[in-house]
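Quick one: this structure, given as structure tokens, is what I'll be asking you about.
Naming follows writing order (A, B, C and D), and every chain is counted from residue 1.
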Amino acid sequence: MIKVSIAGGTGYTAGELLRILLNHPEVEIDSVISSTSVGLPIAETHRDLLGETELRFVETFNNPDVIFLCLGHGLSRAFLDGNTIPPSCKIIDLGNDFRNDPQYAGRHFVFGLCELNKDKIRRASNIANPGCFATSIMLALLPLAALNKLTEDIHIHAITGSTGAGKKPGETTHFSYRDNNISVYKAFTHQHLDEIKRTLEAAGSKKLPPINFVPMRGDFTRGIFASVYTKWDGDAVSLEETVEHYKTFYRESPFVFVSDKAISLKEVVNTNKGLLHIEFHNGYIHITSIIDNLLKGASGQAVQNMNLMFGLDETTGLKLKASAF
Amino acid sequence: MIKVSIAGGTGYTAGELLRILLNHPEVEIDSVISSTSVGLPIAETHRDLLGETELRFVETFNNPDVIFLCLGHGLSRAFLDGNTIPPSCKIIDLGNDFRNDPQYAGRHFVFGLCELNKDKIRRASNIANPGCFATSIMLALLPLAALNKLTEDIHIHAITGSTGAGKKPGETTHFSYRDNNISVYKAFTHQHLDEIKRTLEAAGSKKLPPINFVPMRGDFTRGIFASVYTKWDGDAVSLEETVEHYKTFYRESPFVFVSDKAISLKEVVNTNKGLLHIEFHNGYIHITSIIDNLLKGASGQAVQNMNLMFGLDETTGLKLKASAF
Amino acid sequence: MIKVSIAGGTGYTAGELLRILLNHPEVEIDSVISSTSVGLPIAETHRDLLGETELRFVETFNNPDVIFLCLGHGLSRAFLDGNTIPPSCKIIDLGNDFRNDPQYAGRHFVFGLCELNKDKIRRASNIANPGCFATSIMLALLPLAALNKLTEDIHIHAITGSTGAGKKPGETTHFSYRDNNISVYKAFTHQHLDEIKRTLEAAGSKKLPPINFVPMRGDFTRGIFASVYTKWDGDAVSLEETVEHYKTFYRESPFVFVSDKAISLKEVVNTNKGLLHIEFHNGYIHITSIIDNLLKGASGQAVQNMNLMFGLDETTGLKLKASAF
Amino acid sequence: MIKVSIAGGTGYTAGELLRILLNHPEVEIDSVISSTSVGLPIAETHRDLLGETELRFVETFNNPDVIFLCLGHGLSRAFLDGNTIPPSCKIIDLGNDFRNDPQYAGRHFVFGLCELNKDKIRRASNIANPGCFATSIMLALLPLAALNKLTEDIHIHAITGSTGAGKKPGETTHFSYRDNNISVYKAFTHQHLDEIKRTLEAAGSKKLPPINFVPMRGDFTRGIFASVYTKWDGDAVSLEETVEHYKTFYRESPFVFVSDKAISLKEVVNTNKGLLHIEFHNGYIHITSIIDNLLKGASGQAVQNMNLMFGLDETTGLKLKASAF
């Protein structure tokens, strides 16, 4: 059994990790750490866990094989500074501290996009888990990057659910504001652009064109819907060949599928899947890409990384029932 | 023209007042007071007012004929203590400070339920505007109270939109919590019970039975749907006679209507109307009652009171287009 | 392995069954029957199943150990009339044909409320799976019925998600109507009242009082929130004793829990759990009860019944990750 | 008073017209025509109108000054074929029959985009009212077209509310499907592209570049949020100059405003306004544009056209209270 510790145990991604790990056949919980709720039952914070665990938040870890850091962006370094983690203990960071800056405290963080770095992840001791927007966009573009076929401006609109903004309530997550509302934020400047670019280059894109990314706030709780297009020579590579290339590219990826029909977000909500659909129009290739931001975009992918790191089947504990509605 | 001042100008009820008053043919704005936003454009807080007003928040009133207090419960007394309001200036309080305790600072506050106290309101200088839950429930029960026919336990479930909880974000108004969720709060103990009881007695109920009221938080922004029933002798007074009695009771009330068909909340959203539907079952009379909590349940009713106090037609400025969808 | 057939395979409850059964360790699919979609991939109808099954709809069953009937109310009898089902094949009917009328075609249908009839279900060959509203309400009242303490009028409001209305689109499931809306339907006359009464009597209620039940349509997709109260002598049985009685009553029920804190619907959505919360007010006991209408209220409970009928652990395949948001 | 007839009286745009026109100070209703509901009260179909009108649907018009055609796309020609409309009676068509094909039955239909064709509309007898997506997109681009500055690919994503799909229920407007869901449809091929192109050319664009338009279905009822960008030489024309140009361009347009801050959809819902926000990024000008699809995108704009055609102030009857929440 893998002994797991979770730091930052009261947040959304920690809750989602617990929902997965309490049913994971190869995991036992070492500790769920919270600086604010020590001693309180976990099920009082993550209310859906009532009846499923008697665990309480603790101050620090015992003897874990792996620690998941669910601390909020920028706080993972401080955690490593303030805690003496045994070198044998692996780390999976769900924040953005090590995605673009993989060296810290004597540890090297592998970028945990399983669909690109599976072998490295299997050998890794430390993982920088990808961002949610980044994951949905990279899944759309990786097969093109691998062909080094990204040559002209990439155009992206992607809409995220409210859980992407975390637990702390604020103006744009107030129900009275958000319900039946839509807005744009950080247009063309979202912080995930860096990890997207680095990853596409790592995948084989030699001279990456500009990426134009407009993130939007959706009036739903879970999921990311990304719509991506870039110039494509459909005469050189036909739609059939392109779809086939995508399917081949993701052949070893048990959670990523190409749909022949148009897709809608709820087809992946509450699962660890990524779903893609491809069309050609106006000389562009248009890819729609959907994931659950808390699962494939965060905690699900983190467990997928853990499975790989510990030599388990990648899908262990991750065959989740879609909510579908 | 009536010169209007609004205290507590940044909150939801103040915004809703402004949406009405900027189009009200007999009103000019004296001042919109805010302790936190002095000097800032009103349309930066109430964003839908962009293009409709250049007004800015100010520190205090100039020379108003009436002040609307939109301060939050318990803060109206402090405002009267801290400000010297000319005796000629009328006051309409949207908080709950004076609903059950109508005497303060030498002023007497008339309970502003237009459907019961129209004549008193016409002569009033100070109004305690009714609560939103209370309004929806009183409209359902007033005609029965007037017959002194409320004799056995009254059973009420009422669901409110999120705007009833105000602008300050919190756990139960977080979109990630509230979306697609339902919950009960303050079951049997809601603070509006007092004003409901006092009003039903004032309407003619001699010996009021227990009122059992379960408030619920709905996953919508605007409106209250109340479902109310109590024992009723359908042999003594038939459904037809009862409906006729309701229609007669509300004959002079331009915003309250009895529907012969079952009702759904959005039939009144973004209007100042109250809609009722009556059925008999199991020896009970069952009344469903719907209002928009921010309009008939707050700012709309406040303007209705103002219209009456200043001798205008009750509906002036309040013929609002329903949003319907 | 249990060979399972599903009749009525394109509807919501069939889809939900498939979501569970495809991951159930003791099940293999014998056939998914549809009169309208023979030959088409199941994942084209239940789109979230893309990548999880290559199955196609078929015209009839092969050699199943159990058939789930997901046919819509009133159509199960016709299915039994029109198909020769081997006597050894068990039947679990998700419709309402046999709930109050358990004898048909030489088969006896046990009412499949696992929390009441576990032993009978273990020995049963045919199950009438309970209704969704009925399940949420029975879970709230069973422990009181068992004490024969239901003596005065029972008052119930319960709000259902839109999936309770099934797949066929109509006026009250149109998004433009339902979004941000609330309405009452079949007040005091809902068809589940019969099975509720029969079950409470079976549980021990000797002289059942009137049950007043107001069903409501909620603007969410999944779940039922029931608010139930009836007179209770809190001096005779204290809150602590009552809560303890509930917990004892449900000791052997792995999916039903009593929460010491107020509950909200999403704590059970996408799980097979039932959650209860109890308070005393005004001489009443007030019970809130929540389930997922498609799981504990339909397909989840159906699988729970199957598990019991086939001697499996009751929870097999039903430890589902809550969607939580 | 203008005598108004509405054909196709039971649909969404007809209902919205009635909500406006019943409060319009210069209008009286000549007739509300429906082939399916003759004799029934209008308020039974448009339920929010209860208490506001006793009108009933009729079979044909009496003696109107203007007829609004709310018939659904493709049915307006048939209506003109089947009815003898006096030449003096004006026509405003809310369908798409005459937007790109303005000559029919001896009548010439002016494209009713008030922000471009105000003078022509004032003199027009027949109006082809613009489409909803088209309106939101044209408002974003008209000032650039007027400068003949549209030279490189235009990139558009726009999300629409469910009311854009009309009253007839279907799979993608089923609440169980649409709630908390997002999807793309008619990517790059939406039928509004024609009227957009024609209009931008009419506004001054000499050599229109390709327009790439991805429409999306949003999980809200009202409104369109359009995000539009195209290459822009920010060194040649600064952001300040560009914003100033937009403000100047819309100086005579009482419903269109440029916001200096980022915008969110609900700022215009239930109003006839169009709101724009402009930013520069990556060598692109990025414009977000919002309207209410049923008002500025349909019935509100239709009344605006009527006001112009009859010499009234453009805003008469259209100063609507935003719903805001």
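The rule is simple: a residue touches a chain if its C-beta (ideal position, glycine included) is under 8 Å from a C-beta of that chain, and two chains touch if they have at least 3 such contacts.
These figures come from a predicted structure and were not determined experimentally.
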Which chain's mean C-alpha position is the greatest distance from chain D's?
C
Name whichever of A-B and B-C has more C-beta pairs touching across its two chains.
B-C
Using CA atom averages as chain centres, what separation in Å is found between chain B and chain D?
34
Using the average of all C-alpha atoms in each chain as its centre, how far is it in Å between chain B and chain C?
39
Inter-chain centre distance, chain A versus chain B - centres from mean C-alpha coordinates, in Å:
46
Residues within chain A bordering two or more other chains
12, 161-163, 176-177, 179-180, 219-222, 263-264, 266, 269, 325
Along chain D, where are the residues that touch chain C in the complex?
12, 162-163, 165, 167, 169-171, 173-180, 219-221
Name, in rising order, each residue of chain C that touches chain A in their complex.
12, 15-16, 19-20, 23, 44, 46-51, 161-163, 179-180, 221-222, 255, 257, 259, 261, 263-264, 266-271, 273, 275, 294, 319-325
Seen from chain B, its contact residues with chain C in the complex are 155, 157, 159, 161, 176-177, 179-185, 187-189, 210, 212, 214, 216, 218-223, 225, 227, 229, 262-266, 269, 279, 281-282, 284, 286, 288, 325
